[in-house]
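Shared between the two complexes below is chain A, which pairs with chain B and chain C, respectively.
On to the complex of A and B.
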């Protein structure tokens, strides 16, 4: 187990290094693009251009450029956004993180609960008309673009119905931090949570149903039934427990992807000022330093979480540990 | 019950057996799946309707070109001539609101967008771009991934290790962020990308196509490589080697036909994914660039008109849902048809 953990973590470090190299190549070495021009924002003045060149060492050897960039991102953390009045990028990202985490955590709770309910019901109701109905609903969830669903939500809750008692409690678009007002925080996040969770409810319900049906024909389930255990106990202690292994590892990956930037569409459509919204604003100003920093930090978060998921998976299920 | 199903399956196999190729059998199974066929029909219908966009545009054309702004134009509602852009409400009559849906098929059926363009015609043209990008990038992605998977699986060893690790790195990136960073880099300079003799202009539909194809390569590579590995040591490959077949022939004539069904199962699902990705990138303004329109850009433009003219973003969104749903259902059907032994369907 220890060897596995060490090997997995070493690989994680390698991947992180390669990611920084890839991002560096994309932003500094795309053929035909002058990186100083690209990084200095829209219509930079010659002074700003020279400043950028000097700061990033663009006339020095490649590996020095790479080193300087990484130093600015990770050690001194003083990467400057030129389109945003010289705002420091890294503190901005960390200030935006709580909004993203609130959004993703809440959505995760909803999608886990609803997906388990849907998946288990569909598997239990196999052969009846409810199973295909549930699965078609799940498929519609998977097929709906999340930003459009967000618009439809806004149209319903902020449009004409906003003045009726049904949706009058929904605050205007935006994010209120939990410390400012827990009630507003919750009210403002209810529809973003639901919107973000729909896709994952569809995915997880389908995977869980398939997994449950597959496990139902295993020998140990037959043994459990033969022992005279109740259907309920077989489901809770044997079937569902085994399929949780797949469920948990999937969850780790998706959760990481959402925190690492995947929630950008939901954040933009609901005006939640998280990391994704920051990226979107940077896109509107062609503010490349911010985008670069978000991509690197987002990818690092995902890679790290993937490593943790793999280690947790190996700990739960010794069969996957390579010898 | 299980025994009965087995019996039915064997009898089906027996009756189907004589001299039919696996492809013919798969096609027969797909033909029996009514839901999958309906989905295929819906998808083809959407494709045909979108391809017919110029016909409809000709029918509703106001100034010849549906994609150019029509801020000062007029149209006919209930036999009366009205301006496309109507004066804003209130005492000051500030701002202009585009005309809403007239539900008259020849005059602004779904109303106008912020530039006074016919939304119904825009949705059709947007569909052309979305479908073109979705289908081309999915096909491109599958071809590249299959070739890489064939090389990795066939040669094994160091080649396999390097290629697989490379794919792992692309896989590790957040999908949208990778696409966004490549796209912004390409959009910051208006000359487009110059690779050798190939030149892609920044506003071309091929820019998002290539970006989307690239980011999804690992998602196709993994299952295909697995399939290659399971085939590469089979007897028929050894027999071909014994006959002195070249590596090229081994890869493309012996192994490829045995992994192509995996790729075909993935293709409709990939098109569904790439269409969703294209719309998301266009919504974030890093996908399709003006003057081109796609379903994603229409939804993005419709955000400003959401509360006054909701149909501007509702219509393209409904088209995306229908298209992607049809492809997902079709994908399930294709998998059932090509891989009937898979234990349980997702």
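On to the complex of A and C.
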């Protein structure tokens, strides 16, 4: 098992390397992209351009350039953004990460708990009217656009109703760090959490219900009943336990994508200055260094979560466990 | 004579389907005495599994309707609440299923799965349950049980998994063991081992066994009494001797005739029952077998009751007279013998 984990994590490093190469080539070596021109100011003279190129090392061989770029990202961390302030990209991402992590972790807790409750209830209440009702609710959740739902939340909680006692506790848009004020942190994130999780609740509840029903007709569930186990135990220890294999693999991928900046819509709508927000800003200014760093950062989480899913898979399913 | 251990009285199971009602089990009566082995034989779809699954109340299809009684030690299982029937499942009545490859939960160790059942029915410590699981695995012939108790089902072969299933089924010393085609999914050498294991457990613990199979060879080997089912009804029932040496129903003849025998001249072609099992939606009126039966006559339009026509406890449901049956039987079962007679 240990060698399996080590091998899987080593693979992660290889995949990461390939991703950085591809990203570097796309952003800096695509024909028409000239970082020197972007940095040299308005109407630069050829001398200035050459000077900037030399400064950035753009006149050196490709692999040296790649090495310099990676050095700036991972070691000296002094990659400068194209924005007017000339901020350092890496510290900026690290400053934005806690907001994203707070948002995504909270939403993940909500969506796991609610999706399991909904999926299990729907599967158990199959044949009654509650099953289709729950599944229609889930479908509505899947189909609701995040930007719309977020704006409606804001309209309700920040608009006229903000002055009533129901929503007066909601702070203005934005993110307050946990260390500044845990209460404000929580209050400010409640609606972003709900908004972000609704899509996933719908998705996961539907997948879980289908999976539970499929497993319910397995022979070993009949065996569990024949053993005299209670319906509850059959459901929790046999049916649900087995369907967690699917659930966890799905979750790992979605969670990785969100931590890596995929919550961009929620962050922008609620003014949470996380990685998604940063990406959005960088995209608007065509700020290549920031975009590249964010893409690498996002890819890192997706690759890492993928590895964790594989390891979790082996933990959940003894059949794929290496012997 | 003491009350039977398990008595099925006029059990009827009906499924509501889109095309109407389907009666899968149609008035089955059967008894099982202490320590006895009852074989239930029939083709696929004859209702043998549904009958025993209904006894265990394991049919969860909301479209199924049940009538009749199943008396186990004086109580009617059909009228028990879910929690009452649960205390009998696995404890009073154990069950083994057809496909050992899929009947164990793949994500739990086999020992854990046995312990789970023991601890569901008896108040014992984890360690005691584990010791018992090891003991059971040893007694069903799993070598090195002390280590194998921590193995997962996929690390066992089919035959070994069926042994685990048997260990699990007998873990709470049930009075009745229902074996639903326990050897069908196994290859022939393993079949013999599993059957002799069931026989050994039966002898050691005095468990009564209901053996569901479509293999006449298996019941010949194992059963004290045999019931033959066709289209949801029992059409012949008697002791093993009666069934094999004095079969009364043409369907039973067909079953016996379709066995390849080593002790008789080899037939040019193995006999088969013409046609295929009838759709339960469109059964012939009267005797359900009449449209496939070479001996049917006008009376067969009237439903024959399962009766003791010989006066010796050997029941059958066929209108043919005793003499007719005796005359025609050999021709059906052993046509090659009849043909070769000068």
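Structure notes:
Assume the second predicted complex is superposed on the first by the 293 of 323 C-alpha atoms of A that agree within 3 Å, B and C clash if a C-alpha of one lies under 4 Å from a C-alpha of the other, contacts with A are read in each partner's own complex, and residues count from 1 in each chain.
Just so we're on the same page, a residue touches a chain if its C-beta (ideal position, glycine included) is under 8 Å from a C-beta of that chain, and two chains touch if they have at least 3 such contacts.
A quick note: this is a predicted structure, and the numbers were derived from the prediction, not measured.
In the superposition on chain A, contact is made by A:218 with chain C only, not with chain B. Contact with neither chain B nor chain C is seen for A:9 once the two complexes are overlaid on the shared chain. In the superposition on chain A, A:319 contacts chain C only, with no contact to chain B.
Considering which of chain B and chain C touches more of chain A, the answer is B.
In the superposition on chain A, A:161 contacts neither chain B nor chain C. In the overlay built on the shared chain, the residue A:241 is in contact with chain C alone; chain B does not reach it. In the superposition on chain A, A:97 contacts neither chain B nor chain C. Of the two partner chains placed by the overlay, only chain C lies in contact with A:228; chain B stays clear of it.
Residues of chain A that lie in the contact sets of both chain B and chain C are absent, per the superposition on chain A.
Partner chain A is touched in their complex by these residues of chain B: 168-169, 172-178, 180-182, 184-189, 191, 193-195, 272, 276, 279-280, 283-286, 296, 299, 302-303, 306-307, 310, 313-314, 317, 320-321, 324-325, 328-329, 343-346.
If you check the complex, the residues on chain A that touch chain B are 15, 18-19, 22-23, 26-27, 30-34, 37-38, 139-140, 142-148, 151-152, 154-155, 158-159, 206-207, 209-211, 213-214, 217, 257, 260-262, 264-265, 268-269, 279-280, 283-284, 286, 288, 291-292, 294-295, 298-299, 302-303, 306. Within the complex formed with chain A, the chain C residues making contact are 56, 58, 60, 62, 82-83, 86-91, 94-95, 97, 99, 102-107, 109, 116-117, 120-121, 152, 154, 165, 168-169. Residues of chain A touching chain C in their complex: 127, 218-220, 222-231, 233, 237-238, 241-242, 245, 316-319.
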